[in-house]
Amino acid sequence: MPYAVKEMASNLWRNRLMTLAAVLTVAVSLSLVGAALLLNQGVSRAVGKWRGGVELIVYMTPAGQPYPAATPAQIRAVRDQLSRDPEVKSFRYVGPAQSYREAKQYFSSQPDLLKVLKPDDLPTSFRIVLRHADQAAALGRRFEHQPGVYRVLYNRQAVDAMLRVTDVMQIVIAALAVVLLLSALVLILNAIRVAIFARRREVAVMKLVGATNWFIRVPFMLEGLVQGLVGALVAAGAVFGMGHLVSYLIAHFQANLFRYALVTGHQVALTVAAVIVLGAVIGTGASALGVRRFLEV
Amino acid sequence: MPYAVKEMASNLWRNRLMTLAAVLTVAVSLSLVGAALLLNQGVSRAVGKWRGGVELIVYMTPAGQPYPAATPAQIRAVRDQLSRDPEVKSFRYVGPAQSYREAKQYFSSQPDLLKVLKPDDLPTSFRIVLRHADQAAALGRRFEHQPGVYRVLYNRQAVDAMLRVTDVMQIVIAALAVVLLLSALVLILNAIRVAIFARRREVAVMKLVGATNWFIRVPFMLEGLVQGLVGALVAAGAVFGMGHLVSYLIAHFQANLFRYALVTGHQVALTVAAVIVLGAVIGTGASALGVRRFLEV
Amino acid sequence: MIELQNVTKTYNHGAVIALRNCSVSIAKGEFVFLVGPTGSGKSTLLRLVLREELPDQGTIWVAGKNVCQLSRWKVPYLRRNIGCVFQDFRLLPTKTVFENVAFALEVIGRPRHVIAAQVPQILDLVGLARRRDALPHQLSGGEQQRVAIARAFVNRPLILLADEPTGNLDPDTSEDITRLLDRINRTGTTVVMATHNASIVDRMRRRVVALDQGRIMRDEARGVYGHV
Amino acid sequence: MIELQNVTKTYNHGAVIALRNCSVSIAKGEFVFLVGPTGSGKSTLLRLVLREELPDQGTIWVAGKNVCQLSRWKVPYLRRNIGCVFQDFRLLPTKTVFENVAFALEVIGRPRHVIAAQVPQILDLVGLARRRDALPHQLSGGEQQRVAIARAFVNRPLILLADEPTGNLDPDTSEDITRLLDRINRTGTTVVMATHNASIVDRMRRRVVALDQGRIMRDEARGVYGHV
């Protein structure tokens, strides 16, 4: 329908400032939606890594402590007990070499501290996956006072604290996104209203000579759709950019827990698709609403 | 001028959806401006703390290293050299006890690691303030191979990396804020335009019977001003809230360098004032523009 | 062609009664003047025929269809049978004479070659063939009304409604416009013209339907304006 | 009171010439009919007097002021000396009769007690004292035009301009409105009325200024409409 497209283009151009504002607001709000989605995916991916299913860590006493280091026999005792415990789904032992490797990675940003650490100073540990996560405290208590056990760490606590923080961030971002989506909707609605007003004479004549309702409506609806879609495309670009920004930030912050919060290309693509669909929905919704409210039949 | 206020209130109420959108967009964009300002202040405050003016740290070899620990004589030699060097503005020696205290604070979130550390394992250090910051490398090189010196750290590097990251964040936030301010402007402009259109009959009659131009303009201008100001007040609330959110995030992240990025109440108050002034400026600007463009005389 | 049966129309939830129990029947090819003082309901009657409004009571038949029971999406097709002319011309100021007339065909989906054939023909009929590229503001009021008539008639509707088509025109021009409507009526089109112009009504001696306060007071085959 | 000296006015950067070198002088207390075919420049002349437009050439004096050299902010004060009435009434649909008239005083900053005193007085003059709380759509066209006249006259302007005030009205109502304007003229107000209504002009026998294609063709003290 070339008439509709022509009309739409001319409507958009007449109100270019408003069109620009609507497109930008759609872009910003959808970018925020995309950011919230990415953060959500990144965090849930990182949570998997952080936990790796591990809910409990039993550290054995390292050398260089005021009390004696764990003996091989004590370590074997813990291992045996874990093998027999029905609550333990699986576990692995992290020896001195791997502990040191982990620490090196962990403190890669603090080389002076690294030089202080020696492999033997670091505690070896058992990383334990439970059958029922809520049994962590009960199991932990059993090992806490066993000879050679240095400390029991509940991984869940640290991760949960982190999750609370990222939850707050997601809520803030999502709230901003919702507010801005409302603004975007009103801006598109308005662009349509102004376009309808600018074309009121044409519309009156069209009704008079018997143009069908859809013939009259379609150019205005297309206008809203295009604004929503163009905004969504810009936001899609921003989502791609955010992927890079996040890696950059992670690389520079070297934020320990967050280093796993990278999202896969697949997840970014899904987010981009969601953003574009949302843009189309907003554009169409605003159009339908605008045409309904401001165009009599 | 009660007439103008009455007219303005009725204009706002007629277009409540648009008014709401305009106010919310102003609020969001000014909140982002506030966030950028707070981040900027927090970072520059933190930079001061991070650096404390210190540009160079000379660590002395601690015990428990493959090579011998620094002797008191070696430490004294470094101290003497620093006292004599004309490039050194001031310096202080951080002994074992204070080093341990710092480490405890630094690693408060990682108790198992803390237990591994012993005061004697930690290097003591000289924190040096230079007369000319660019002399850091030259001075550092002189100490690097001196007996008993464990390592020379250029504080500037870590801080600069951090600054690059916060710079990126500030730019992103500021860019979003600018885009949204444009949208806010267009939304206010539009609300005024619609109000003018809704009142076109009244305006025509007013011109006809000889109402002065300002009498006609003022209600519409007040409308824009109120939208800008109300949005700014909401943003001011958000800025206060952000202060709390930041402390909460810092407490939970325990992000090492950022723990000093708290802003003072005074700085928050200044930011709030800036946000409100900006809201008034935007409201007035949009009004003036709207009245100019859409109200003939 | 047009038949109103006991039609009552009110506005503002019954506060204003625009038409009271009106019945009138207009046959194909008639030329009818609708007269009456201001507020007597002439425009309302025309709007009902166009189905811009629905009556409160009574039935209205237009071109063989009961417009009160016409579903919404069929209304545009009804209107393609009815041409309309108003006091204020309602031309599109940014389009030329040709484009204004062509617009009426474009928006109901007529193909290009039909437009290219019919528009010059109708401009010839209204005597504006030489001004086809002028913009409305470059025309006199009488010429503008001719364009409006061309637009209303280009799709060869069965009915032409004219609501005070000479209200903005001087007596000479009004005379011209009425003569043009008469010419269109002679092609078989039913013409209904609401007017205050007593001298035209008196001179033409056509059927006159006189309204007053929403009631049909007179319906004469070869009537005059009269002072109600 | 009103004086045009060699006034030329064009639109669209000279493409349309609305007035060509017109000179006319209207004294205080006169009643002048402005006649001429559509597009002859009657409305343009009135808009120039109101200083809604500026002339291309010539000077215009209104109430002792050269309106061409009047600074922008003084225009409202000029307009307080000029009342205006139009074909389409231009009443505010959401305000009552009283409020419509009071609005004209409110927006020029007249105090409440002045409004409370003057509005009923003027409504009495135009014969609408009993309809003061009606909304415009509840009034007939003639009554609406009376409200418009009341609004134009409530501030007791020196001049009353009327641009086809009877264009939308039937002959009887037109007669009434013209009589009302005549009554206002007898209070000393200068009245200029542009019209197409030949019968009224012919009956009143007042000064007639006839325009055609932007030129003043006739200016007779006790003229008739005539067919130019």
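For reference, chains read A, B, C and D in written order, and residue numbers begin at 1 within each chain.
FYI, contacts are C-beta pairs under 8 Å (C-beta built on N, C-alpha and C of every residue); 3 or more make two chains touch, one makes a residue touch a chain.
Remember, predicted model here, so these are calculated numbers, not experimental data.
Trainee: Among all chains, whose Cα centre is located farthest from the one for chain C?
Mentor: B
Trainee: Rounded to a whole Å, what is the gap between the Cα centroids of chain B and chain C?
Mentor: Chain centres of chain B and chain C, defined by C-alpha means, are spaced 69 Å apart.
Trainee: Using the average of all C-alpha atoms in each chain as its centre, how far is it in Å between chain A and chain C?
Mentor: 63
Trainee: Of all residues in chain C, which are in touch with two or more distinct other chains?
Mentor: If we look for residues of chain C contacting two or more partner chains, we find none.
Trainee: Name the graph shape formed by the protein chains and their touching pairs; answer line, ring, star, complete or other.
Mentor: Contact map by chain: ring.
Trainee: Identify every two-chain combination in which the chains touch.
Mentor: A-B, A-C, B-D, C-D
Trainee: Which of the residues in chain C come into contact with chain A in the complex?
Mentor: Interface residues on chain C, with respect to chain A: 50, 72-73, 75-80, 84, 90, 92-93, 103-104, 106-109, 151-152, 155.
Trainee: Along chain A, where are the residues that touch chain B in the complex?
Mentor: Its residues touching chain B are 17-18, 20-22, 24-25, 27-28, 59, 62, 64-65, 109, 111-112, 115-118, 121-123, 150-151, 153, 161-162, 164-165, 168-169, 172, 176, 179-180, 182-183, 185-187, 189-190, 193-194, 197, 245, 248-249, 252-253, 255.
Trainee: Okay, in this complex, where on chain C does chain D touch?
Mentor: Contacts found on chain C: 11-12, 15-16, 35-39, 87, 137-142, 164, 167-174, 196, 198-199, 225, 227-228.
Trainee: Mind pulling up the chain B residues that touch chain D in the complex?
Mentor: The contact residues of chain B facing chain D are 3, 201-202, 204-213, 215-216, 297.
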